[in-house]
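Just below sit the structures, each encoded as structure tokens.
Both complexes below contain chain A, partnered by chain B and then by chain C.
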Partner chain A sequence: MTRLARVGLAILTLLAAFAIVGPWIAGDPNAQPDPVNGSLLLPSPAHWLGTDQLSRDIFARLASGARISLAVAAIAVSVAAVFGSALGLAAGAAPGLAGRLLQRLIDLGLALPRIIVLLVVLAALGRMHYVLLGVVLGATGWPAVARLVRGETLRLRHAQYVAAARALGAPPARVLWYEIFPGTLPAVLVASTLGLADAILLEAGLSFIGVGIRPPEASWGGMLYEARDYIGSAPWLVFIPCLALVAATSAATLLGDALRRSLQPETR
Partner chain B sequence: MSRWLLRRTGDAVATALVASVVLIILLHLLPGDPLAAVLGDHPVPPAVEAALRRQWGTDRSVVQSIGAVFAGLAHGDLGVSIVEQRPVLAILGERLGPTFLLGALTLLIDFTAGLALGVWSALHPDAIRARLIGAITIVGYALPSFVVGMLLVWMFAVKLRWFPAAGLSNVLLRPDASVMTTLLDHLKHLVLPLAAMVIATLAVPLRQQRAAALVTAAQPWVLAARARGISPALVAWRHCWRPALTPIVTLLGLWLPMLVAGAVFVEVVFQWPGIGLLLARATQDRDIPLVMGAGLLLIVTVQLGSLLADVMYHVVDPAQRQA
Partner chain C sequence: MLGGTGSGHLTTPLLEVAGLVKHYRTGGLLARTGAVVKAVDGVSFTVAPGETLGLVGESGSGKTTVGRTVLRLELPTDGVVRFEGTDLASLAPGELRALRRRMQIVFQDPFASLNPRRTVGASVAEGIEIHRLAPKREIPQRVANLLEEVGLDGSYASKYPHEFSGGQRQRIGIARALAVEPRFIVCDEPVSALDVSVQAQVLNLLLDLRDHRGLAYLFIAHDLALVRQIAHRVAVMYLGTIVEIGTARTVIDSPRHPYTQALVSAVPEPDPAKATARIVLVGDPPSPAAPPPGCPFVTRCFHPMKDERCVAERPRLRPLDGRDVACHYAEVNAVGGR
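Let's turn to the complex of A and B:
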């Protein structure tokens, strides 16, 4: 593992720990102790990162936001990995017309810009729980995984050890599950790590334009959405969630790139 | 070539059609009733509700909806926006100009500066240049477009006051101002959104072109050209640039969806009155006809772009023409 990958992994671990432990020590993210005199305060011992326009503690919102933003991204990546893998395996292994139809389905998923599908779905559903938002993000993230897994499946079908299993008389389903599927896992892992960065960014972007996680719930993108009007008077309201976002996405990208290099040397 | 082009065009049209059908079906499958959301706690007489449902099209079955959308498309009619009570097509028409301007300029800068920087850094692989390219790449990949946009606003609009923070033009500008003044005002408003778009998207073509140029520069015929005494600049221009162009052309097709996503977020940051800002606001208002209209428009644009990229690929790479 390279040094950059270790840094990425360390940052992600820290952020995950922060998401789990943070909300316990930080208190209620929606408490408004003193809206008259206590808003837009600079960092102090009482409020480690200061307060926002409604006198809410920014550290508490950042912690609660970490939990929501990372949970949404983790759910999205898991849904996309499971659904994409199943479809990719099926498309790669199914013979004749079925395989071609599945391939067209994946192509269609890749041709549709993800952001547009997401906006249409969010317009129809309106305000939603963050778990559901994660599922929706995952439901639009599968084509990238499916394409990779299909490619790996097609490649592994002609691998010698798979031919050997077939020659020993293993039925197709067994070959697919025990021989080909494990071989596609490195590709899924790489796609998921890189997909994690995408999911974090998309959730933040959607919340930033006011259609993802909506106020008063805290997410990093949502904090930016609320802080936009205060960029002149209290720029740290903007900087703090930006920093958290950039840390998370660059960590996931570094780790994903490193994993790709070590797991799939042929794609370099 | 012409048969290939015909088939490729057919493919693009079919994808756009199937994509719109998928979106319509999706809207029907999802729970959520925009009308109920708008009415909220204010019950209306059943007759009024039925009339509203007819007007909004929420009383239609899936098949009727698909039929209505395609019939509308054939007549150049995309329905009426719920919030604005105006034809969707008219609203889209007003928003097309700003988005096209921003997108086209971003594309132009990315694919000239990006290509030049890519080739330049590949041909002179020393530490400083590598570090510069590395910095651009990291910023481009790690910083989301809206974060770049907010930071630019803070730096150049709030702190330095060089450029306006938002909008297409200064509303306080007198209507009888001279053409030069108006143009300059528009340009000033364009700088920050354009910078945000370019910073957020430049890394992809740059990295791709750098990789392609590195491969090309290692070819024996490049060495042979150098051995014949041709200057490095001429070798770069004549021998490295064109073969390295093919991967970038295919990239154009992949890169357009990125431009679309970037446009949505950057337009919101700068309140740039284009399709992206419209789409974001319509989604917030749950104005389904408007969301569908803007979505379809962007899908068709992306399909057109990838079609164009494939055609250019044929032009650039002679080997493709025989296939």
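Let's turn to the complex of A and C:
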């Protein structure tokens, strides 16, 4: 593992730990102790990262937002990985017409503009629990994984050890599960790590527009949305969630790139 | 011409291949009018129980395709393959899988034929599990015994393929094939990818296993010297057809087809008194997508009697001097001396 990959992994681990532990030590993210005199305060021992326009503690909101934003992204990536893998394997392995139909389904999924679909669906569904939001994001993220896994499946189907398993009399399902499926996992792992960055940004973007995580619940994108009016007077309101987003997405990208380099060229 | 011509075996054949044809269509999605590559173009032979048939030819001659189609890893375009008297094409998928116990394959490339993500033990146990040949708790012992039978340590079962050398991996591939107790194994250039020193060891292992287990082999190779060491009979392939087939002694010691003669002349002869001039064939074999209408070998043939008949008319395999040969002028030796 390269040094950059270690840095990426370390940052992701720290952010995850922050998302888990942070909300406990930071207190209520929605408390408004003194909206009149206590808003837009600079960082101080009482408020480590200052307060926002409603006098809410930014550290508490950042921690709460980390839990929600990272959980949404992780759920989205997991749902996309599981669903995409299953569909990709089926499309790559199914013979004849069934395989072609599944491939068309994947093409259809790829052709749909993800952000537009999400805007419509989320606007229609209204406010939802963040776990459900993660599932909805994942439900639009599977086509990329499915295409990847289908390609890997088609490639591995011609591997000599697959021919050996068939020659031994292994039924198609057994070949798929024992010989082909494990071979697709590295690609899925790489795609999911890189996809994590996408999902974080997607959730932030949707929350910024107002259809993702909605106020007063805290999310990094939502914090940016609420801070946009104060970019001149209280720029740290914008910088802090931005920094968190940049750290999370670049860490995921670094790790994903390193994983790709070490896992993709079949190491013997 | 189906029977075991020149075999000298009176037993019913274990494997009977008649008129085997495998064509591939080239060209992708856009080019619908692709050419037809005739990888195998009408091949017939038999293999008796316990017998080794060497299948020799250069790359592209279709010998590997024959091996894979015989096992129905690829579906033949035409022709019949009977194993133990059963037409493989008549079997339902489940029946064919059950029959696979009796016929196995050892691949050329030991680095590609083992799943890098499964332990050696899992790969060797695969066949035992599929065919339920042993209770689950006895499988580790079976695997260890198989590994020892091919000259490896039984404790290797928990290791992964990348921890082994090419020769060791080929032994693992052989153990995997043996696990289902086959009667017949297609050896698809099993030693070509190995170092010369290791080649002999693996070849000896195959010979020992044949004797101990009474195995029949279809031994595919491009090296006639190798085939001479293991095969009872030899079939020489050129451009998808068999040009000469007979006992190993007959075919190798007194080849009748000019192509076989060229192959034999390329085998190093340790006795300088017996050594003859090496025949170096000019050019490459024609593309199997556009084979000559007559004799497939005509473009490179050096036979002094080569004429229009060779260009126009495809020679059939016919018996001559104890073997079958496909050459219009096989009675006349193309090279003196031999």
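The rule is simple: the second predicted complex is superposed on the first by the 265 of 268 C-alpha atoms of A that agree within 3 Å, B and C clash if a C-alpha of one lies under 4 Å from a C-alpha of the other, contacts with A are read in each partner's own complex, and residues count from 1 in each chain.
Here is the rule we go by: a residue touches a chain if its C-beta (ideal position, glycine included) is under 8 Å from a C-beta of that chain, and two chains touch if they have at least 3 such contacts.
Here the structure is a predicted model, which is why all the values come from computation and not from measurement.
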**When chain B and chain C are modelled together on chain A, clash or fit** = fit
**Message:** With both complexes superposed on chain A, which partner does A:75 reach: first (chain B), second (chain C), both or neither?
**Reply:** neither
**chain B versus chain C as contact partner of A:168, first or second or both or neither** = second
**Prompt:** Touch check for A:224: first (chain B), second (chain C), both, or neither?
**Reply:** first
**Asked** Thinking of the overlay built on chain A, is A:159 touched by chain B (first), by chain C (second), by both, or by neither?
**Response** second
**Request:** Name the chain, either chain B or chain C, that contacts more residues of chain A.
**Result:** B
**Prompt:** Should A:124 be classified as contacting the first partner (chain B), the second (chain C), both, or neither?
**Reply:** first
**Request:** In the overlay, answer first, second, both or neither for which of chain B and chain C A:179 touches.
**Result:** second
**Message:** Can you work out, in whole Å, how close the C-alpha atoms of chain B and chain C get once everything is superposed?
**Reply:** 6
**Prompt:** Which chain A residues are contacted by chain C in one complex and by chain B in the other?
**Reply:** none
**Residue ranges of chain A touching chain B (in the complex, touch as defined)** = 107-108, 111-117, 119-126, 201, 204-205, 208-211, 224, 228, 231-232, 235, 238, 242, 245-246, 249-250, 253
**Request:** Please give the residue numbers of chain C that touch chain A in the complex, ascending.
**Result:** 68, 71, 73, 96-101, 104-105, 107, 109, 111-118, 122-123, 126-127, 130-131, 161-162, 173, 176, 179-180
**Prompt:** chain C touches which residues of chain A in the complex?
**Reply:** 159-161, 163-171, 174, 178-179, 182-183, 266-268
**Message:** Under the definition above, what is the set of chain B residues touching chain A in their complex?
**Reply:** 15, 18-19, 22-23, 26-27, 30-32, 34, 37, 138, 141-144, 146-147, 150-151, 153-154, 158, 257, 260-261, 264-265, 268-269, 279-280, 282-284, 286-288, 291-292, 295, 298-299, 302-303, 306
